[in-house]
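One structure coming up, written as structure tokens, with questions to follow.
Each chain gets a letter, A, B, C, D and E, in the order it is written, and its residues are counted from 1.
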Amino acid sequence: MNARSSTPERLPRWIRATGALGAVLSALTVWLGLWVTPPDKVQGNLVRLVYLHPPIAWVALYLAFGLAALSSLLYLWRRTRSLFWDRLAAASVEVGVVFNALTLATGMLWGRPTWGVWWTWDARLTSTALLLVLFLGYLALRRVPATPEVRAKRCAVAALVAFVDVPIVHFSVIWWQTLHQGATVLNANLSPTIHGSMAWTLLLGFVALTLVFVWMVAVRYRIEVLADRTGALDLEVSLEERWAEAAAPVGSQAADTEGAGAAPAARVER
Amino acid sequence: MDLVVRLRGAVALTGRFPALSGADLTVQRGEVVSVVGANGAGKTTLLRLLAGLVPASSGEAVVLGIDLCQDPAAVRRRVGLLGHAPSLYDDLTAWENVRFALRSARVPAELGPAALERVGITGRLAATPVGGLSAGQRRRVALAVLVARSPELWLLDEPHAALDPAARSLVSELVEEAARGGAAVVFSSHEPAVALASSDRQAVMAGGRVLDLRPGGRRAPLAAVGEGGSHVA
Amino acid sequence: MDLVVRLRGAVALTGRFPALSGADLTVQRGEVVSVVGANGAGKTTLLRLLAGLVPASSGEAVVLGIDLCQDPAAVRRRVGLLGHAPSLYDDLTAWENVRFALRSARVPAELGPAALERVGITGRLAATPVGGLSAGQRRRVALAVLVARSPELWLLDEPHAALDPAARSLVSELVEEAARGGAAVVFSSHEPAVALASSDRQAVMAGGRVLDLRPGGRRAPLAAVGEGGSHVA
Amino acid sequence: MWRDAVLVAGKDLRIELRSRVALWQVVPVAVLSLVLYGFALGPGRRALAGAAPGLFWLAVLFSTVLATQRSVAIESGEGTRDGLRSSGIDPAGVFLGKAAAVAVELAVLQVVLWAAMTLLFGVHLRVGWLALVASLLATCGLAVAGTLYGALSAGLRVRETLLPLLVLPILAPVLLAASRAWAAALAGSPAAGVSWLRVLGPFAAVYLVVGVVLYGPLLEAG
Amino acid sequence: MWRDAVLVAGKDLRIELRSRVALWQVVPVAVLSLVLYGFALGPGRRALAGAAPGLFWLAVLFSTVLATQRSVAIESGEGTRDGLRSSGIDPAGVFLGKAAAVAVELAVLQVVLWAAMTLLFGVHLRVGWLALVASLLATCGLAVAGTLYGALSAGLRVRETLLPLLVLPILAPVLLAASRAWAAALAGSPAAGVSWLRVLGPFAAVYLVVGVVLYGPLLEAG
């Protein structure tokens, strides 16, 4: 617990390393995606978005929101309750919202040439948009002033409830006939219907974005800790200010003197 | 265990403000403790903390042997709070309000009518939605719930406010009865002298702390005398 | 005209209930009248009637020379009421609340800071949204509005409730000042003896009527002595 | 838990009966919004008939928000929230009770709304049992999820507007599934509708369980 | 009256700014309801594009209800209603001020909503000025009539009345006229749209006058 809550002044080395590696792998993915892999028979060069769009979506859905749901659960469970989980959830939701928005953006970029429209009322698309709104709601809830514990509980519940939409997004292509691609990689028997250099590039893209995700969450988490720490510093200051009120409070002299003559004061031992 | 309340350095935040900034207090069974202090001293926050409605963010806070940080719900079930604003549903009648409160506290609702009668809410008053009652009448209804529940720890926030002289002496009577029956009572007041006379000890609050604890004029219960204790009656 | 309030057989219905069932009362300029009575006697309704917030359904009700049945809005502009629940916006700070109230009453907002200071709401307290203030602090803010407005008729519903001793004596001071300045003051109270001592007359209410009007202990303003009954302050 | 649920539901329904908010405000607003949809979509009775199930459930959805807001408002009196928390009632019971009260109100609403729809849009249910089952499941789902999210926003001063934001996306699947099931019931093709019941059932069940488990911490937190 | 209006509008907008309700909650709800309409009406992009103006104004209409609710909630504190009545403010000023605050919120909302609609429904305004004028007039009409509605419903507890239900049908002409005007603006045929402005203008004017005259008695009655 101590190791968790102590924050070095600089970013820990492993975080910086992760970030750097993520950047390098992302660059590699772009290179592989744009120049090395072949264009598609049907889609031509458009297919190159496949190295970006699905990994982004997976990071948003499964890593970010999954981690958020898991940490929320761990926060709500009494035996593992710790603000660590709350901060982690907050950090990963925030990153997840970014990735979710990117999923929509890349999807729309892809949809315009392939389907001819930016947007259509497809179950996958709509449920993904709802997911974004759900977690925006989570962030709105976080902004409502409350004590850390109260906020943590409220938000943990919101995260779990919102997470219910994730399986809906995933299965939407199966449950409802959609315009959107069916599961090509993450299908039921886990045998990807995509091969060769394309598969490897896709995998690489996923690994790269995962590292970027880890880096972003770690940085965001640290900001949260630092914010809490300044909050704690505030608390010390405000505690002292509060004690000072006792010295010259509004009208407390009267409260103190009246009836004080009735009996000698017995001071509380501290 | 005779210690009903044990607070040591209890801090409670309302928003980000430390309304309670390290309060110490012990209350024993059968004891009546009054709390006085200027506006904003932290009396209400102290009582709400003891009622399990405001979480303690640091320090020790044990009520009826239960740690408030661990299981505030268990505490809430056994204490009774009369707050600044009564916990009543405006659209329900006095009797319906009391019945709901008692049933949900798993107290036989049959105790309700007697309690309402005791606080002087009968006839028309018991049968109109409480939204249509005067300030003092509403407060009486809230009091009736406490009377019927007779919790182990009574927390009264300025119990005399809005009540007429007759009801005020009723409150004192009820407090006395509760204390004799073995319950502990903590009440806040803005009349230090009056409060002192009717309590065993008086906590003087300022700046979110208990600055001073002075012995009051009430005769402490016999059982407590002789214990190696905190009483000086 | 020195008669600030003239009620004769005033009846006021809250819902369908005659909370005021034929009240008679006259109040003169510079006079302080206290109103006492059991819970539900009709004190709050009386004050709200005088403030133009509850319509008189029969009887005569004239305030500041204006018939309440004719033009309650004109009355409202010139009287000030401190009710059971303060009229404040929880999201605005004390200062913003006072400023809004003063501007809307067409009183220079510059009077606000001094009034807030007078009631002890300064620094942090003046700058937090009033939703985060204690019961007594909120009441002080509401009082500040009255102080700055200094209306011709002060209507105070249990002005001492929720206030600490210092603030209580401040209220008495303010009432005295207002009366000396020529305003009339009507306040309700649940402490008949205390109220009697600080008022010129005391109205004893029961069942929605004024049963008795007894002279109080406050020294009537000098100017009034010797005149054949009516005050010239 | 069940005992408490009955207690709370009874109290909420009694308050409703006395204040008539749902009866006089929610129901007419729902019926009116049906009319407004007609307005917004312009004339053309055929187009309307096609959109009828969607519009019906849209009206129900917005009414759920209203009913939940009201249900939250009942507990948001200055002292009543504290009262409920310190009353010793099992939070799961509070949750079930409040959800049941909302469900009853929604059920009544749907009967009225259905009559209005039949009249205004000239559509008829061909497969009654399908519509009924879909309605029951959807009502449970809406009430349960709405109540859960109502608790999230209770005690916040901004509840009037935060609640719809939180609750509408959650309820969207119900809107979709229920309107598709009703469309099938209108078209007289039960097979197409039954698959949608498989969405409605689990939805209600999941939120029921989530609510029973999580309502406690939420009530704490307020 | 104008001075009071500015005072009240300033106060309401300040409270809004502090609680950020409009920014963080009403706007997303409106955008969301656009998404929901898409959901309810099912796929079929062409149909949606045709319905876009209607759906846009439907979303604005419901946001008006939300914004008005919030506007009423500001005054519904235990003491604040009395406060407003006894503050000496001209009731007409209160009315104008509260309506102005709602109108400002609705205007901001429409900008965002318009962007969302362009994206989601793939429609484009061809006659900008027509849409703008229609929006301005409709916004005034909605804010004014909505505020009047708010005052009615604020007194609901005391006098059980059916009057608030009249407001949605009252707003229906705005919905109709504004969506037709916008449809014309989308289709690029200003002539068809201008005639609808002749509905919106008088509507706003009439309710403005009615509000200025009747708000006083309503405030009295509460």
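Heads up, the rule we're going with is that a contact is a pair of C-beta atoms (placed from the backbone, for glycine too) under 8 Å apart; a residue touches a chain by one contact, two chains touch by 3 or more.
Note that the structure is predicted; figures quoted are calculated from it, not measured.
More C-beta pairs touch across one of B-D and A-E than the other; that pair is B-D.
The greatest centre-to-centre distance from chain C, using averaged C-alpha positions, is reached by A.
Each chain gets one centre point, the mean of its Cα atoms, and the points for chain A and chain B are 43 Å apart.
Each chain gets a centre from the mean of its Cα atoms; for chain B and chain E, those two points are 47 Å apart. Between the Cα centres of chain A and chain D there is a gap of 30 Å. In chain C, the residues that reach two or more other chains under the touch definition are 15, 84, 90-91, 120, 164-167. For chain E, the set of residues touching two or more other chains reads 19, 24-25, 28, 32, 35, 39, 41-42, 78, 157. Within chain A, the positions touching two or more other chains are listed as 126, 130, 133, 137, 140, 146, 149-150, 250-252, 254-255, 258. Interface of chain A with chain D (complex): residues 76, 123, 126-127, 130, 133-134, 137, 140-141, 144, 146, 149-151, 153-154, 156-158, 160-162, 164-165, 168, 175. On the chain B side of its complex with chain C, the touching residues are 14-15, 17, 37-40, 44, 84, 120, 125, 128, 132-137, 140, 158, 161-168, 190-192. Interface residues of chain B, counted against chain A in their complex, comprise 11, 13, 15-19, 21-22, 24, 36-41, 55, 57, 190, 192-193, 195-197, 202, 204, 206-217, 232.
Of all the residues in chain E, the ones that touch chain D in their complex are 19, 21-22, 24-26, 28-29, 32-33, 35-37, 39-42, 47, 51, 54-55, 57-58, 61-62, 66, 69-70, 73, 78, 153, 156-157, 160, 162, 164-165, 168-169, 172, 175-176, 179.
Against chain B, the residues of chain D that register as touching in their complex are 4, 7-8, 11, 14-15, 18-19, 74, 77-80, 82-89, 91, 216, 220.
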